[in-house]
Each structure stands twice: as structure tokens, then as C-alpha cells.
Amino acid sequence: MEKQKLVQLLKQVAQQQTTVEQALDQIDNPGFLDLNYAKIDTNRLKRTGAPEVIYGEGKTANQISGIAQAMIAQKTNIMVTRVTAKKAAEVQQQVPQLRYLAVARMLLFKAALPKLAVGSIAIVTAGTSDQKIAEEAAITAEMYGNQVERVYDVGVAGIHRLFAKLEVIRSAQVVIVVAGMEGALASVVAGLVSSPVIAVPTSVGYGTAFNGVAALLTMLNSCATGVTVVNIDNGFGAGYSASKINHLGGDVQ
Amino acid sequence: MEKQKLVQLLKQVAQQQTTVEQALDQIDNPGFLDLNYAKIDTNRLKRTGAPEVIYGEGKTANQISGIAQAMIAQKTNIMVTRVTAKKAAEVQQQVPQLRYLAVARMLLFKAALPKLAVGSIAIVTAGTSDQKIAEEAAITAEMYGNQVERVYDVGVAGIHRLFAKLEVIRSAQVVIVVAGMEGALASVVAGLVSSPVIAVPTSVGYGTAFNGVAALLTMLNSCATGVTVVNIDNGFGAGYSASKINHLGGDVQ
Amino acid sequence: MEKQKLVQLLKQVAQQQTTVEQALDQIDNPGFLDLNYAKIDTNRLKRTGAPEVIYGEGKTANQISGIAQAMIAQKTNIMVTRVTAKKAAEVQQQVPQLRYLAVARMLLFKAALPKLAVGSIAIVTAGTSDQKIAEEAAITAEMYGNQVERVYDVGVAGIHRLFAKLEVIRSAQVVIVVAGMEGALASVVAGLVSSPVIAVPTSVGYGTAFNGVAALLTMLNSCATGVTVVNIDNGFGAGYSASKINHLGGDVQ
Amino acid sequence: MEKQKLVQLLKQVAQQQTTVEQALDQIDNPGFLDLNYAKIDTNRLKRTGAPEVIYGEGKTANQISGIAQAMIAQKTNIMVTRVTAKKAAEVQQQVPQLRYLAVARMLLFKAALPKLAVGSIAIVTAGTSDQKIAEEAAITAEMYGNQVERVYDVGVAGIHRLFAKLEVIRSAQVVIVVAGMEGALASVVAGLVSSPVIAVPTSVGYGTAFNGVAALLTMLNSCATGVTVVNIDNGFGAGYSASKINHLGGDVQ
Amino acid sequence: MEKQKLVQLLKQVAQQQTTVEQALDQIDNPGFLDLNYAKIDTNRLKRTGAPEVIYGEGKTANQISGIAQAMIAQKTNIMVTRVTAKKAAEVQQQVPQLRYLAVARMLLFKAALPKLAVGSIAIVTAGTSDQKIAEEAAITAEMYGNQVERVYDVGVAGIHRLFAKLEVIRSAQVVIVVAGMEGALASVVAGLVSSPVIAVPTSVGYGTAFNGVAALLTMLNSCATGVTVVNIDNGFGAGYSASKINHLGGDVQ
Amino acid sequence: MEKQKLVQLLKQVAQQQTTVEQALDQIDNPGFLDLNYAKIDTNRLKRTGAPEVIYGEGKTANQISGIAQAMIAQKTNIMVTRVTAKKAAEVQQQVPQLRYLAVARMLLFKAALPKLAVGSIAIVTAGTSDQKIAEEAAITAEMYGNQVERVYDVGVAGIHRLFAKLEVIRSAQVVIVVAGMEGALASVVAGLVSSPVIAVPTSVGYGTAFNGVAALLTMLNSCATGVTVVNIDNGFGAGYSASKINHLGGDVQ
Amino acid sequence: MEKQKLVQLLKQVAQQQTTVEQALDQIDNPGFLDLNYAKIDTNRLKRTGAPEVIYGEGKTANQISGIAQAMIAQKTNIMVTRVTAKKAAEVQQQVPQLRYLAVARMLLFKAALPKLAVGSIAIVTAGTSDQKIAEEAAITAEMYGNQVERVYDVGVAGIHRLFAKLEVIRSAQVVIVVAGMEGALASVVAGLVSSPVIAVPTSVGYGTAFNGVAALLTMLNSCATGVTVVNIDNGFGAGYSASKINHLGGDVQ
Amino acid sequence: MEKQKLVQLLKQVAQQQTTVEQALDQIDNPGFLDLNYAKIDTNRLKRTGAPEVIYGEGKTANQISGIAQAMIAQKTNIMVTRVTAKKAAEVQQQVPQLRYLAVARMLLFKAALPKLAVGSIAIVTAGTSDQKIAEEAAITAEMYGNQVERVYDVGVAGIHRLFAKLEVIRSAQVVIVVAGMEGALASVVAGLVSSPVIAVPTSVGYGTAFNGVAALLTMLNSCATGVTVVNIDNGFGAGYSASKINHLGGDVQ
């Protein structure tokens, strides 16, 4: 609890304007819904500006359904990430309100429209195989009220494809670069734009690509400045951070 | 060159308003200063919004001096990173205009005042030993026109220290978290603020800290959303990206 | 054989109070049951305070059954860890006395009631996906006569959930923290309690989580003191060590 | 703040028995001493049962001295770990109260006598080269009020040396095993004792010892149960945890 | 665009010999076919001397078919690498012009005959299990107009097999060595021939072969000079580079 | 060809006692059978004392059958390692002379009886799960004419099991130690016997066992002298080397 | 010895045109100079087209001097790589004929002029710090009779610098790309030229650059075809292979 | 204690032929000399056939001197490995009986002549830089009564050097191969000899040699059978194991 609010609250208690119980509730409110196997963070929206997101991997269909139902009851927007088609179908039988996006492997429920940012986010991929991670980022960004420009398959092996799309990339307020194999695209893009760049290494490749480690190292060591990096295949994280940054530039009134 | 400008230019050539030589210069301008051992990127400011920065490690004092002198001649702001005190002294003998900041290990030259962003950047460290990387980030951010709030030594072993400073951290538009050892602070902070968080793993620690790899992995795998990561000990990169993001929120008029 | 006992025994031999054969048996007793493919350690209980536990992975259903039958014949408590549902069913056909716990993936047989420790063990998880490892720890601890407090899904992304449960965690004599991804919870908990903390990294996560290595490194490098660590996903080991520690505080009479 | 105390405090405020300022101080007390470059955790003793310990590596002599002086002023016991002889001498010039132990590389200040645990801690090393890490553990344990039994150089290459000392090891309530190279001693000891075992891998060895990684992996994968592990060369951490465990068995009245 | 051509073109514009539109098309031609999910690099042939190759892994049968159809329409030669038999059959239903080579796992379409190099390429394998990677290299080289000599299963465990084939290997202009396990063959061959050697580590082996990493390291550290290396299992890359080198020696007229 | 023999041969040529063709055949004899996809090393027996062994992994059933038939035609003993039950059945349909040993995963054909060594080889395993690798070693050793003593499941968690079998282990001329997890058994055994010890790390274990890497590192760093190591799960290699060593002690006449 | 020559030789022996001793000398010639601690490969020139090169690291000044003197006596060209200035001075005292190039860290002796290739080799570096490795490659290539074009500091952070030099790079017959940090330059260059590209990762960088591993992985995983790779910092190897390739295009008559 | 001896001893006690004290001494003899910081294993000679060897790294000159003096007093042969020249000089001042071998970095004391094995050990190195490890192996083998054949600098880059020395290598009963960089020599030698081969990877090389890891992996994955491996740079271990094997072939009478 912030100090200022605490001072105020204690004064109200001292002046009998607030009961001890009410004050207690505000200072000591759990701020989560307890399902025993899960504790849904109900004040995350207030604290971080976005509701809790369900990481689908390693959770059973029953667990996802239970959490989703509790959140729908609270009229919260829902995103479940990394859900296979099979698990999604099982969840949808229990929670038909959820919509499944197969390429992005996400389950969605939209209770309320987010504020729309003024600027846009460009999502650039090196190859066709990076598409599903790019879509996870794109859908995430759209769910949080951002306009997304998709620029796919412009890897450095044919760099003129990138230059042909440079205008649309430069006009975005944030750029997400999604690339596997050697991930060189991130450095090249960062050297050409003035906006912040978020790089997403993907597990595309074989042999010494080491499931994305090669691309990750490339991006962390970028000689071009202005690149920050997220975990391998973490399209969601990139979309989320990009959204936070993009909204700093102001929302549509 | 952007298409629109190119159309215009070619029309001017066709109408003899521009000579072939002038057009050539605009289409084919090198955009760098060639010192043979180095090619100083003179149009980086226009392209990315910030002048080239000199990475001091692996360059001799003579090379740094040569590059700095060429840039001073062009009245560009200069930052040289990762300069030891010994090498800095050698450079300063040749280029006395450069100021040395020992903790941040940087040489600076300020030709022009940057625009000041409205928002501020909070730089939070886990321990006292992370200070020199934090200072590299802080000085970088200040050089690019940002107000910096330093919140040092608030690691999770005594998490109440963090809570005591939460207000100042929350009031910043971007947060940089600098931590070595297990780097847990990044996740904790990201779970408590609504601004984007840039995490800087440091090489502080021993044994399985593996010179910063443990902290890096922690930060890449953060269960809290909104964290992006830079290379180990890359205070400069964090300060640079934070500045780009902070300026999106508008500049002081 | 301890020196004192040996002296006594030899004196008895010298005084013909013990025959050579009897002495031989005591000095040279094999202390195991030889099934050829397995040598069941029958004096482990006396030596280490707990009977041998069967590591189920890499053993056939027949081998597990054979070992279990031999131990049941000796009226020993049995725990078989890491048994899939399919293999468990095969074993139960041969050894119907064994009970299967699906979440913890364990087969159990309780021949005797253990002594109950006075203190309790708190088992804290970061996320819902860590549950099955936590249950392995919990069941193990309970089998060895400990009261267990389960505090699940209180990871640092919503740290107030942890604070809401701090009282129950602080009242335990030993705390087990189970966490995957970046595993930051161990450090945070250790900074808040006065009891010893055993950290269990789990293989939950993707990309640079490297199947639990990220969490392991976090826990080994904890800036908070009082944390010791076990192998990735080793719920059994954590439960076993916690039990040993908890019993040091005394048993219920 | 615990709920019960909070209820009481708020009632006192409501009844004017406590002023708003006093309540604020208790709810919102920083609990640390702010030296700017360091925030000394002054309520760690109350929270975790032991005062903050200064990690000497990566701190300057001035920083260590400043922190030590502030703690001495508060009459707290002080341990500074991983201090080279050279740095120790510099610190002692400023803070002559500190005593330096060269083998353990620690600076100590004892303001108060700790409670002495009833049980003892055995510290067992595989080789002569592991001694300095073992001493760090031993001194730490002694500072926290434990009796320490040193059993050095009993590695498995000559396992009869271990058996000769088994009685003294078995009589301890906690055992710390310190070993480099392949670290096999931890498994062997754990198979022979009934007390909890804390294993400390050391960076002793060459080639594929990988500065302690080989020993660490050995200890994490111990086939003997009851072993938990700390970071490579982390004698302090082992001593600290062992002390916590040993005190559970009761203190000398 | 090269400077000389640009000067010429601008002069033509100035002299009205070329329209602005025509000049624009030449300076700003996209040089790719945009299928949205893929941007086929249509001027790669001109730029690098070889048409774009389709990396089949991670692309759906539909995506491969779409790209192949667009390329066939342009009368380009097609190679699709790393296609499983199952996916190949699906693609062939849509694009029957493609021929599938099962061992090499490639789909091919030959629109035009390549120029044939004068020299030949020897492809040498250590074992029978390396054959499928060797065939990928061989087919690639043949598609680009090279004569290939296959020398299979001549690993160093029976080095006389290699010596028996030395003449044919020495008569080639480029040598590709394909080897898994410890990959020692590359060094031995490079010590015996005067032509450049391209080494391809394969994922053949187990345990510390680490899926080809052991062979890769061997090849990168070759004590014999004249060895360059490609990614693990990258038969295509080796065949492609070998072809480029072989054509330097001249083509059959 | 050895110098002495060469001198002799050349003299015979000079004296017309040997024709040029005959000499050529002896100097330039290929020494292998060329099946194109495989070159069977027919003089390995003479060169290294043992016929070529077929590594079954990565070869098709057809390839194995072809090689086996060619070797049977030459009346050579055959061992095929790492053959799954399914592939073995396919091979046996084509080559019914081959016998399959399921635990050791080997196909065998015995054309001739090997010489029997005077001494014996002890094969010691840490756990039941190491059995299949131990059997691969045992069968290999037996095929090469050695008496094998199997001592299974005597890991260091219950070290008295090892001591009970010490006599039989000490009476062997060579000892093979097979162990997964932390692999500590190799060091302990080597400290207790005077014969050479060959250690085989197995992929038994989980988490930081890293598929046998932990055991491998343990064995390479053994503090006990006299241990040499083979690849993870390489039972064949251990059996082969042990046989070579054991035969040095003399064969039964 | 090649078969054809052997037939001829044996015929000569049969016809008494060659004595047994002479034939022996040709068949069994050692082909090296034996200095005991070194065996100088005197027929490497004939076998591989280039004389032996001395790897200076790990050899004493005396050893280098001894080898050099023996080679000078044979009038062979000499290159000694990786020699520190200090060691070079010691060697030069004993072998004054050797010239030292400080940046490339090489000692040279030129006994004969090499044939000059028609084509040229372009050596391209990403940054100023890569210069010393580039020079090692350049000097090597020049020693072997190649014209070298140096294009330094054109990394992708300012990609227009590369485009400005594209003409000179494209006109070379082989391109060597030298880059540290993320090494992205290799992919970009390979996508723009039609000649073979040899990539040299350098150890320039910090943190996750892992002393050149990041750049190495980038280069091995290049999405652009036609790239082969050498060991980290192996300028010599790149220069050597490039020379072999360049000479394939023909020599100046 | 072996069972048979124990039976006998107990019978003697029963028959008063042996006192309790004497029996105790035999059953419970410590078998080591206790210097506190070190426990010298005095019955290792009897148990393993060789006296304890002092690993010099990580021990102070005082510790080495103390251990050596105690061993000299017992008239045991002494080997101290990995002693720098500086430390050796310090030790020799206290223990002048010790002789220092600089290349092998060993201190030696020969109290008694070992039995001489009939067979010999060949030590083969790939390069000149591997010499110091080879010498450690050679001196060790000689100390244990073996005749050593040194064959240095015959790496596979010039494989004819190896063939020229094949006769001397083949005539040895055991072969030690010492190689850094890619370590291919071990496989080649093992394919050519019938004796057991012990491979020693050395830390010679740079970049991806990773201080000997590349050579280690090569040797563990050898396609040639009959190779066992020791730790990186472990010349002592190789010499020790080779000696054990060589003595199996019988000693000179």
C-alpha cells in the first residue's frame, strides 16, 4: 500500500470515518481468487495495467477451464497461451465462450475493449517458419489495443525484401523482430530504425541452432543499439512489452 | 532512400532542376567517415535518432582518439564505453575535451544538449556490487536527455527495502533492473509496476553464477510479464533502449 | 562396525560367550537381500533412519514387483517413485498391496506407522504446473511422519499472494520451495523466514528454461541465505531431507 | 505485518491509544539503514534469525568499511566473506575492530555471544585442497553458536580413512561434505549417516572438473538420499544452513 | 544498384532516354514475389548466382506447394530440402512436377540445365550412417552442374579403405567430408589432398557425440589446414559451397 | 606394410621370385569388401586382433543384413550392437543365423571359438537400471573369450553391498564399473582394487544427470587413480577394451 | 604412393633399372625431418600444395627457432602464427631472417615467390576490433600469392557502409568475413555476393558473446547459402582456404 | 578385511593365540598417517599396488613438504604432480631429497626400485605442444617400472610421420595417445594397433578447442574400438593405468 493512501486511511480510522474492518480489508486484502491449485491474481490489472494471462503448457484442460470460468465470472479479458488444438477443444467444451486461434495457439475471451494506442507495432519475421511465434505476438498486441503491421519473410539472405518494406517498419512506434536460425535480422533492423526493437529468437533451425540458442545469442550481442530480447519463442512476452511501450505514446481519445 | 523522395529527385533530374552529380550524391552518399581502420557512421543520428557510440574494449587508445577527434570535428556528442582508467588517461592526453567517469568507465563529450523527456527512468539494483553497470546505464540515459532515479541495493533477500522505494519506482515511465547472482529482482519488480522493465544481468557472483549466465536465464524466464533483457553487464544498451522508450512519452517543450 | 562394539564382541569371543560363527555373522553380515538384478539394502533403516526407496524409472514392472514383494515379506514400508500410470497398473496386478497416487506418480505400501514430528513442513509452489513435483515431496514427507502445509501458486509475479500466506509458511519448521521457469520464489521466501529452506527446481518452462536449469541456477545463486538445493524435479529428495530436519525438532510422544 | 498485530494496532489507533504517526512508523518502517550505495537490512535478524552478512567480493574496501562501521554502531555481529588479504588490511585500517581469518578469507566482529546449539556439525573434506572452503563453513557455523567437528582429507580414494572417522561423523546432528574433483564423498557419507547432509562442491580439480561443475553435478545426482547442495565454493552458505538445522535440535540452556 | 549503372541511368533520365517510371522500376524494383507468408527472392539468381532454395522443415505442405507453384510459373529450378516422405507426398499431390528423392529427403524440379563445371567434387563419408547427409550434398551439387564422385564408408577405423580411394579423391577439385561420431576423417583427408575441403559434421553417434557437436568441434579444430565447416547435417550447404568453388575452375564449353 | 616385409618382397621381385602383380596385390591390397554403401574392413582382425563390429544404430535392416551376409560368407564372427527388437526381427528374416539378445540389444553370430583368457573380468553396476549396458559389455567380453563375473546393484548408497562382493571383484584381472546418476561407484571401486578399472557412465538418471554427462564427469575426475573412461552407455567399448587387457595376462592353452 | 607410380617402380625393380634400396627409399621415405620434439613435414608442399606452418602458441622460443632454422636450411617459406611480441623478439635473436608483423602476430620468412592468382580475395570486418584477425588472414593470403582487398569496419549497425563498398567486395573471387559479437555480417554479405564466403568468428565482445561462440553459431546457422566457417579467431585458416579456392580460378602466367 | 582372514583371526582369538588388542589392531587399523590437514593413505600400496601420489595443485609448499617428509620417513616412493618451478624450489628447500623434472612439472623421490614389466608402453603425441603432458605420463610410467617409447609430433596433418613410426608403436603392449586440438590421432592409432589405447586429451588449441573439450569428445566418440580416455591433461592418470595394464603381461624376473 502506498504511503500517502495509508496515511489517509489511518486518519479516517482515527476519526471513525472508516471502521477497523474496512481498513483491514484495504490494507490486508488478499487480491487473489483461491482455487487451491491456482491463485488467480485479481489485482494484477490495477498493479501492472493488464490482467493475469494463463500459461497453458503444463496445465490440464480442467485446470485451464476452472481458471477461465472464474475469470469470466469476474468479466476479465482472458488469454491462454501455448494451447494445443487437442487441449483447446477439451477446454472449449467446458468454456464455450473461449475462441481458439490455431496458428497462434491461443484461447481468447474479450470481455471489454481495450484502449487503442495512437502508434502502431511492426512485427517483422525472417522466414515463413517464424510465423506462429509472430502471430502469438500479434494477437497479444491486438488484444491490448494496438494496431499491428505484419511484415513476414524478409530475412537477410535477401535483404532487398527488407528495404522494400522499410517505410512501413519505420512508421511504427515499436518494432518486434522474430527470427530463428542465426537471427541476424534483429541487428540489421535496429541499425535502420529509430524506434525501440524487441527481438524474439525462435527455435527454427537445426544442428547448432540449438533450438533457438544461436538466435538468442545473436540478439543479445547485437552490435546495433536499441535491441532488447525475450525468451526463445516468447511471442506473447514480446507483444506484451511492445504494447506497454506503444501506449506510452498516447491513446486514441 | 525512400521511394517518394526518389520519385521527386528523379523528376528534378528529368527537369534539369538537379544535376546528375547532385542526384548521385543524394542517392549514393556514403554516410560515413572513412578512417580506414574505422568507418564512422555519420548518418546514424538521422537514421536511428542517436549518434554512433564507441565501444572502447578491444580498441587501442590511438584508435579511440582518432575516432573521437573526427567526431568532435563534426560537433557530435561522444560516448566511449568500457574504457579502463589507464586507457582513458592515454586518450585524454590526445583528446583533452573528453571527460572520464571512473565508476561507469566512460569517456564523454557533450557538443549539444539533448531534448529532455517528460518521464523519468528508475534504475534499480539488487546489490552494491551491481553499481558500476547501473551507473553505465544511468550516464547513458542522462546523456540522451532523461531524468534518472537511482534506487540501489534493494535485492530480494530484504524485500522490504524494495517496497519502501516502490513509490519512486512506480512513478517512473521505464524501469531498469540491474542484478547479478540469481537476478530474481527483475521478476519481483515487474510484478509490481505497470511500466516496461528492462533487465540487465550482471557478472556479479561466483561458481554457478557463471559470470552472469544465471541472472540472464532468470530474467529471460521471468514469470512476470513485461520484462525484456539485454546482454550481461550491458548497462549502456539498457540505458539506450530505456531512453528511446521514455522519449515516446513526450519531451519537455 | 563401531570400535566399542567390536571390542566387546571380540572379548565375548575370547571368553567363549560368543561362537566364531555368531561373531562372523555380526562383523560380516551382508545386510542386503540379493535378487541378482537388485540387492535390497536391508540395513539402510538402521544406518540412515529410513528404508530403501525404489526409483521406478528405468526398472521394468517385473523388477519393481520383485523388489516390492521381497520388501513386503520383510514388513518394510515401500515407496516407489516416478512410476507411470501404465507401469503402476502392471505392478499392482502382481503386488495388489501397493496403492498408486497418480499426481505424485508414486506407489506406496505402509507396513508401519512412522513417528510423527512435532513441527510441520510447508511446501510452497510458484505455479500450478509445479504441483506434481510438490505432491511427490508432500507424500514423501507424510510417509516419514510429518505434517505438511501446502501453499500452491504463489509465484513472485503476484507477490501479494505469498504475503497473504506468510503466516502459515513462517510457522513451519522447514520450508520446501518448488518452482520452475526462473525460480525466483526460493530467494524471496528465504529472505522472509527463519527456518531452513530446501529449493526444488522444476522442468516447467520453455526455451532458455532449459528443462529446469534456469531455476536450478537461480536457486544455487540465491542472494538470500539458508537455501539448499536438490536435483531438478526431485520432489522426493526434498521431502526426504525436510523430514530428517523436521524430526530434529522432536517427535510427538 | 502480521494480521493479528495489524488488527490490534488499528484498534489502538481507533481508540486514540496510538497516534497516526506511531502507527505509520510500525506499518511503514523502512527496516534498513540507507548508505545510498548500500541499504543495510536492519531487521533481517528478527525476520530470518541472523543479521545481514557482507559479501566482500566486488565491493571496495571503502564500501565494506562503511557498512561495517554502520553495523558496529548498531552493535551487530559482522561477517564479511571472500575478502583477500590485501583488501582485508585496507579495511582493518579503517575498522580496526575487525579480525581477519586468512584461510577462511573472512573478516569478523563479535558484538554478542550467540546461543550454543546442543548438537554438533561435522565438516568432512575429500582432500587437503578443500580446506579453505571447509574453514569458511566452520567459522560461519561457529559464529552462529555451533560446535564444529573437522574431519579433513578422507576422500573415497582411501575410503578406510572415512570409516575410521565414522563415529565422530555419525555423532553430529548435521554433516557438511566439502569435495572437489568428482565429489563422490557426499554420496558415500550420505549412505552411512542418518543426519541431513549438506554438500559443498569446490572448484578443486582441472580439465573436466570445470571449476566445480563436475562435483556439483555429482552431488545433485546423489543416489544416496538426504543430500542437499549449495553453490560451488559456498562454504558460508553451507555453514549457515547447517546452523539453522542444528539449532532446531535445541540450544544449551 | 552499382554506382556506374546508376550514373548511366540518371544520365538517360536527364536526356529523356528513360522515363522516370522506368528508372524507378530499376532502382526500386522489389525483386521478390510476395505470397504474404513468404516473399520469394526472384533476383537471388542474378545476385548470388543461384535461385532461392526452399527449406522444407517448419513449413506446411500448403506453404511449400504455394511457393513451388509460383517458382515453376517463373520457370526457375526448385530444390526443397528436409522434406519427410509424408509431407513430400502431400506436396506432390498439389505440384506433381516435383520429383522426390527419399534418401536425400529432397523435392526437385529442373526447369533448365545448369552449366557443367570442368572439375569434379568428391564426397567422402566416414560411415554408412552418414549416407543421407552425403546424398543431400551430392544431389545439390549435381543440380548446380557438378560431377560428383561418391566415396562412402572409409572412416579412420580402417584407414586403408581411404588410401585405396585416395586417387579418386585427389583428382577432385573440391572435397566434401561427411562424418559423425568423432569426425576425425576431415583432418586426415585434408592432410592428404591439395584441394579445399568442406567438412560436414553429422548427428550420427550417441552419448557425448551430442548430436553432432563432437564432430563439429573436431572439424573446427582440425590440425590440418584447408578445412572449412558447415552446420551439423547441412549437406545442402556443403554441396552449394562446393559447387561455387568448383565452378571457379571453369565450365565445360 | 612393415619395412622388413617390404624389403623382403622387393628382393623377391628383383629376383623374379614374385611377379609384379603378386607384389602389387600385397602392397596395394584393398583389405576391404566393397558393398558401395559400406566397405567391410576385412583385415581388421589381423591389424587390431578383432573383426569389424557393426554399429546397428542409423543403419537400415537391409544394410545390416547385407553386411552380415558378406561377413558370414567370410566365416567371420559377427556382433551387431544397438539393435532394437523390431529391427532385429527384420534382419533375422534375411539372416536367420543371427541370434538376438534382447537385454544387450545385440545380434550375434559365432563362426569360431575365441581363445579363452586366463584371467576374468568383473562387471560391477551401481543400480538395476544400468543392467542393459552392463550386459552389452558382458556379452562383448564373452564373445572375445573372457570369463565374466557379474556384480550388479552395489551402488554407494549402500556401500556394504560392495564390500560383501569385494573378494570376487578383487580376483578379476580387469574391472568394468557401470553407473549412471552421479557415477561415484567408479572412484570407490578404483580405490579398493589393484587391477585397471574401465568406467562406463550410463544415461540413467534425470534432471542434472544430463543423460549421463554427470556420471561421465565424475569418472573423468576420479580422485582414485587407475580409472579410464568410455563414452556414455558404451558397454561394447568397455567390454572390448577389457578383453584386450585381460588377454595380455595370457590365454588358456 | 599412387598405384600407377608403384606399378612403374616395381617394374623397374623387376628389370633391375632400380635397386631395392632406391625403391625402398621411394616407397618408404619418411618425408619429414626429425627434431625429436618435432617432426617437420617436408613433403607437405607436394601433398597439399603448401609448406608446413608453425603454430606458435604453446611452443617455446627455442622450439620455434629450431624448427625455423631447419626449414630455412631447406629453403622453405616460413609462417609462424600467434607469436607474442616478446616471444618473437627471442626467436629473432636466434633466427634474424624472420620478420615480425605485430598486428597479425606472425613471423615470416620468404624463400621463394609464390605464383600469383588472377582473382582477388576481399577481407571484410564488422568492426575495428576484428582487425588483428583480419590481418592474420590477409598476410596468410598474400604469402600464398593472392591479391587482398581490405574492407574494414562495415558492420550491420550501419549497413550503408557495406553497400558503399559492395562493388569492391563483389569483384573478388572469394570473400572472407571477419566478425565478433553477433557476427551477422557474414549472412548479409553472403546474401549479396556470388562468390564463396568464408566466415571467421572473432572473440570480440563480452558476456554472452562467450569469446566468439555467439558469432560462430550465427555463422554456422546462416540463412544465406554459400557460407563455410573456420574456428574462432582462425584468421590463418581462412586465409589459407581462401587462397586454395582463389588459385582454382587460375594463376597469372 | 577379507572373510577368510577374518575367520582365521577370530579362531585365533577364540584360542587365545591372538590377544584382543592385536585382533583389534588388524581389524580396525586406520591405515593412514594423520597430519590433520592431510591423511596419508599408508596401505594404498597393499590395496591398489601403488603408493599414494601427491596432487600438487592447490596445496601449499608447506603442505607438500610435510606430506613428503612423512612419506620419506616411511621409505615410500614419492611423486608430486603439477608443481610449478617456483613452488618446487620452495619444497626442495625443506625436502632436498626431492628431484624436480621441469617439463613434466613433477617432484620425485625414489626409495626403492619397482619391478620392471616385460612389455613396453608407447607414448605418441600429435604435436610439439603436447609434450609436457606426454612427459608427465612417461615419467609416471617409468617410476612404476615400465620401459617407455616416445613418439612425438606425428599428428594426422602429416599422417606419413605416424606410419613411419608404426613398427615401434605396434611393438608396445599399451599405447598412450596424447593430443589436443581435434585429437583425431587417437582414432587413427587405435585403428592400426592391436594393443589397448589410452587417450589423453590436452588443452592445446584455441577457440572451440575449449581447453581440451574438443579433443576429449573426439576421443570418447572414437569410431575405432579399444580406446579408453582420461581427464584433459591427465598425463599422470594415463601413465598409471598404462603401467597397471603393462604389468599384466608379466614382469622381468
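Should a chain be cited, it is by its letter among A, B, C, D, E, F, G and H, assigned in written order, with residues numbered from 1 in that chain.
The rule we apply is simple: a contact is a pair of C-beta atoms (placed from the backbone, for glycine too) under 8 Å apart; a residue touches a chain by one contact, two chains touch by 3 or more.
Being a predicted model, the structure only gives us computed values, none of them experimental.
Asker: Any chance you could name the chains that touch subunit A and subunit F both?
Answerer: Touches both subunit A and subunit F: C, D, E, G.
Asker: Matching residue numbers in more than half of the contact pairs is the bar here; say which of C-H, E-F or C-F clears it relative to A-D.
Answerer: C-H
Asker: When subunit A touches subunit E, do the two copies use mostly the same residue numbers, with over half shared, or different ones?
Answerer: Counting shared over all numbers used gives less than one half: different.
Asker: Determine the centre-to-centre distance between subunit D and subunit G, using the mean Cα coordinates as centres, and give it in whole Å.
Answerer: Each chain reduced to its C-alpha mean, subunit D and subunit G end up 54 Å apart.
Asker: Determine the centre-to-centre distance between subunit B and subunit F, using the mean Cα coordinates as centres, and give it in whole Å.
Answerer: 59
Asker: Could you tell me the distance, in whole angstrom, between the mean C-alpha positions of subunit E and subunit G?
Answerer: Taking the mean C-alpha position of each chain, the two centres sit 25 Å apart.
Asker: Going by the touch rule set out above, which residues of subunit B reach two or more other chains?
Answerer: Where subunit B meets two or more other chains at a single residue, that happens at 3, 28, 44, 127, 157-158, 190-192, 207-209, 213, 216, 220-221, 224-225, 231-232.
Asker: Every touching chain pair, please?
Answerer: Pairs satisfying the touch definition: A-B, A-C, A-D, A-E, A-G, B-C, B-D, B-E, B-G, C-D, C-F, C-H, D-F, D-H, E-F, E-G, E-H, F-G, F-H, G-H.
Asker: In the complex of these two chains, what residues of subunit A are touching subunit B?
Answerer: 2-3, 47-50, 53, 119, 166-167, 173, 190-196, 198, 216, 220-221, 224-231, 236-238, 240-241, 244-246, 248-250
Asker: Show which residues of subunit B lie in contact with subunit D when the two form their complex.
Answerer: Residues 127-129, 131, 152-154, 157-158, 160-161, 164, 204, 206-209 of subunit B touch subunit D in their complex.
Asker: Can you check the complex and tell me which residues of subunit F touch subunit G?
Answerer: Listed in rising order, the residues are 3, 6-7, 10-11, 13-14, 16, 20, 23-24, 27-28.
Asker: Provide the residue numbers of subunit G that touch subunit H in the complex, in ascending order.
Answerer: Residues 28, 30-32, 36-39, 41, 43-44, 47, 52, 55, 57-59, 63, 82, 201, 203, 211-213, 216, 231-234 of subunit G touch subunit H in their complex.
Asker: Please name which positions on subunit G make contact with subunit A in the complex.
Answerer: Subunit G residues touching subunit A: 126-127, 155-159, 181-184, 187-188, 190-192, 205, 207-210, 213-215, 217-225.
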